[in-house]
Amino acid sequence: MTDMPDLATASVPPAKAPTAWRGWLGSLAGRRTLLAVLGIAALAVLLAVPATASSRYIVYLGTLLALHGVLAVSLNIIMGFAGQFALAHAAFYGLGAYTSAILIRDFDLSFWASLPPTAAAAALLAAAIGYPSLRFTGGIHFALITFAFGELIRLVTANWHDLTGGPQGMQLGFSPEPLLGIDFGSTRGIYALAAGLLVISLAIAAAIRFSRFGRSLVAIREDEVLASSLGINVTANKMAAFVITSVLAALAGTIYGPFVGFISPEMMSASDSISVVGMLIVGGLGTLAGPIFGTLIFMGLPELLRVAKLYRLVILGLIIIAVVLFAPKGVAGVIDRLIRPKRGGAR
Amino acid sequence: MNIGRLLSIIASASLALWAPGALAQTDTVKLGVIGSLTGPHSGWDVPASDGVQMAVSEINAAGGFKVGDKTYKFSVVQEDTQSKPDIAATAAQKLLSDEDIRFVMGVLTSTPGVPVANQMARAKVLYVGGFTAMDGLVGTKGKELLLRALDTDETAAKGFVPAAAKELGLKRVGMLLPNDDVSKSIVKIYEPLFKQNGIEVGLVELFQPGTTDFAPVLRKFQNQGLDGLFIGYSDPDAEAIIRQSLEIGGLPTKFVYRGGSSQPAAKYADKIDGFLWQILTRDLANPSDDKVKDWILRYKAFTKKEVTPQTYWALTFYDTVFMLVKAMQEAGTVTDPAAVAAKLKGMAYDGVRRMSYNGEGRAITDIDIGVLKGGKVYSIPQKIL
Amino acid sequence: MGLDIAQTLIDGLMVGGLYATVALGITLVFGLVGILNFAHGQSVMLGAYVTFFGVQAGLGFWLSAALAVLAMAAFGAILEQLVFRRTLGDHMAGLAVSLGLIMVIENLAAATFSPDPRFVDPPVSGSIMVGPLQLSSQRLLVLAISTALIGGFYLFLQRATLGKAIRAMAQNRQGAALVGVRVSLVSRTIFTIGSALAGAAGALYASLFAVTPYMGNTPLTKGFILAALGGLGSVPGAIAAGFLLGIAESFGSRYLSASFRDGYGFILLILALLFLPTGLFGAGKARV
């Protein structure tokens, strides 16, 4: 994204970056606080309602939202922070679900024991895809390679009948075993897992954002050549971000398995990867709260628009278009702008 | 708008909401309808949902149905699975969160279907679905309340394959199907049946679902000594395969189709030597039965849609709603899904079509076998029931 | 065997022509104006529907196809004016906006046209013999039309004033503006042409394959692979890549597995991106 020929990048005031560079404490004092508070409030609602609701539907909806939240938050690390277009996210989500399910089926591992090898497999694959494609500057090369690899993973999954059950998918009978006295096998337990992973992902994203690593990523996003002249190892940083992003998606996939009880190659389709990208952009790229807003809009809005039945996805589409055209920094940007005047002197 | 007018609107609206409950003499049975109203699977599930809605509207317009000494009407609660399994699981839970819903119908495709069926089984709700993977679920332990509204391939193939041997005089066929779950079970069932009926299976090829250009894969079937092609189960695939095999030439001109309409071959009737298909229901394209003709008129009036090959799903679920009512009446309950399921299993019903469920919960219905030969179309009734 | 290979090759060329037509639209819009329009496939779908309804209304295939091209040109111009002009050069925004457009167009189409597949009667049917080769007439016709479209467009880029302005803009936007090219007008023209090409591709698709509201995804995926394979913005690259992909898919499906059909394209793309990062002819931009 370095030498984009147009005004879009230029419209981001470069003066903003140093504010973030002051780190967590510095930004707490800034107007970002309110945005952060709102983000945390949205997250709290997302987490608290299903945890206390008696309806299993709410718990399911909560799990669905939390899993997609993990996808959005993790994709934000490579896309929002480092400015790299990754289009294989759904493939890693599916890879996690399949790897864990196959390990549990063929090697008799417990759900928990299947997590480290699954994460390792995702990390390896991400590194293998990332190394050849991230050496190039600019996002498009990487976008296309991840897109092609994502589809390739889906097609291989659909064709490798002996291992994956082919296009008919796998029926899963397992549920996570109790751990530390908590029953993770129940509907609510799986929700707790998904919500827990969301909180962990957010914590990782926040930690990255305000670390030296995160600052390097932002520097890479703003100008790769400049970043590299500042002594930042551009390829290594981008790869690290991509590996973290992909591992988190794969871990979300391991929870998807017992949540739905059924996995099929369809969960890896490119359109699902693209829709996570959409969540990020609508919510606000590169912000911590943005992915949460995006998830709520993408997954929550269709629920609210039930009356419109056939037309609710049309309405969602229109809302997405409107947000992008009239609020280019996403919902997080809108909230940011709304709260700015109230803070008076704050820049 | 002034305050008074606003108040009067609110007052009348709340009156309207309150009134039916107060005045109604009848009770309501909530019927859950689930399926992909949006996304690529909606081609199957929208007609199915139309069928349920149509049956419900007719039953309600006739004053409802009597169970014991009480009269009931249906109210439909609908959820969209959006052609995706995780959304399907959540949508199923949304239906189940309404504890008054004890009967649910819908879903004809396996990817969203499997999670829905699993949730329904766990909640002990009576669920009538249609998708192929349900064959593996129906009749297993803990899935006693699941029923499949479509004939299994095993049932239909028993009459179909001998008819193919007799009508088309086949000796050696090739099978060309999409690489998916339905095809897997079709091949498993048809391959041995073909052999039993003296037909060799020369070649089985699976193509990527969504393929539109069949020329390369069709070339694999050239020079194999085949006299017939078995061409899957979906109309667009079948039509494309017939058309493209005629275009590239050197291929058999007799086709066996496991789908439910003659549409794929209609345009090529004078160029092919035979086409056999399964009319899993009554022939909707050229109805001869008055009951069917009448149903089609009502269907068009109700949905404002034309009859297409997919209308078959509407008829299946239409009849299923009436069967459900009959089962409720026989069981004498609208609240005990297990009792109703027990009555449905083994019940035969003479609706627009003749339909029954066996003891496991699989539909067994009369089918017709359609034949297109020498430019003429006729059908052979198969009494399976 | 030799005959079989020759026929498979021609099968590949025929679909390749279709792919190239779609890819041309994508590479033009993306490479030259910097607009990432994932909704391009939906223009193909709408073009196919215009053709279907035209034929159904008795206009005949050719008139309907022309109508599809015009309708999609207008559609493209409107989209550019209302939506994409505001996301120029911002890939992220362009992607998100096209995602919204896909949702709107696809679901509106499904709601109004119903998701049932429709078939268009092709203008010619059956097959002809060329020497020992039996070839589908309609496919040959599609190959001829797509070749004519591609060739005509190439001439336009080389000869016409507007074509030269487009090429000037592709090389240097500011420079083009300085020498008097009206950049915004040219951008809109490119978008209109790209969408018109999608309409033409839609008409050709409709003459061969089933028309459904969800048919846009395949041409789009293929188109993006091709635009990348050819080098983004490279017109000859996209054309060559289109034919290459058609041939690769045909040979893969014929001699390897047909259930892995789309996989061959992805493998081709990955190899190309790894070893020829600037596209087939080295003309494209690896950096965008």
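Here the chain labels run A, B and C in written order, and each chain numbers its own residues starting at 1.
Rule of thumb we're sticking to: a contact is a pair of C-beta atoms (placed from the backbone, for glycine too) under 8 Å apart; a residue touches a chain by one contact, two chains touch by 3 or more.
All of these numbers come straight from a predicted model, not from anything done at the bench.
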Can you check which chain pair, B-C or A-B, has more C-beta pairs in contact? B-C
Chain separated most widely from chain A, comparing mean CA positions: B
Give, as an integer number of Å, the spacing between the C-alpha centres of chain C and chain A. 31
Distance-wise, how many Å sit between the C-alpha centres of chain A and chain B, to the nearest whole number? 38
Please list all residues of chain C that touch 2 or more other chains. 107, 110, 259-260, 262
Chain B: positions in contact with at least two other chains: 38, 179, 208
If I count partner chains per residue in chain A, which residues reach a count of at least 2? 155, 158-159, 310, 313
Of chain C, residues touching chain B in the complex: 4, 7-8, 11-12, 14-15, 107, 110, 114-117, 119, 121, 125-127, 134-139, 205, 208-210, 212, 214, 218, 249-254, 258-262
In their shared complex, at which residues does chain B touch chain C? 38-40, 42-43, 46, 179, 205-208, 210-213, 215-217, 219-220, 222, 235-236, 239-240, 244, 246-250, 267, 271, 305, 308-310
How about chain A: which of its residues touch chain B in the complex? 55-61, 63-64, 67, 155, 158-159, 166-169, 171, 256, 259-264, 266-267, 302, 309-310, 313
Listed in rising order, chain C residues that touch chain A in their complex are 34, 38, 83, 86-93, 95-97, 99-105, 107-108, 110-111, 173, 217, 221, 224-225, 228, 232, 257, 259-260, 262-263, 266-267, 269-270, 273-274, 277, 286-288
Going by the contact rule set out above, which residues of chain B touch chain A in the complex? 37-38, 78, 80, 82, 84-87, 89-90, 93-94, 96-97, 110-111, 114-115, 118, 133, 179-181, 184, 208-209
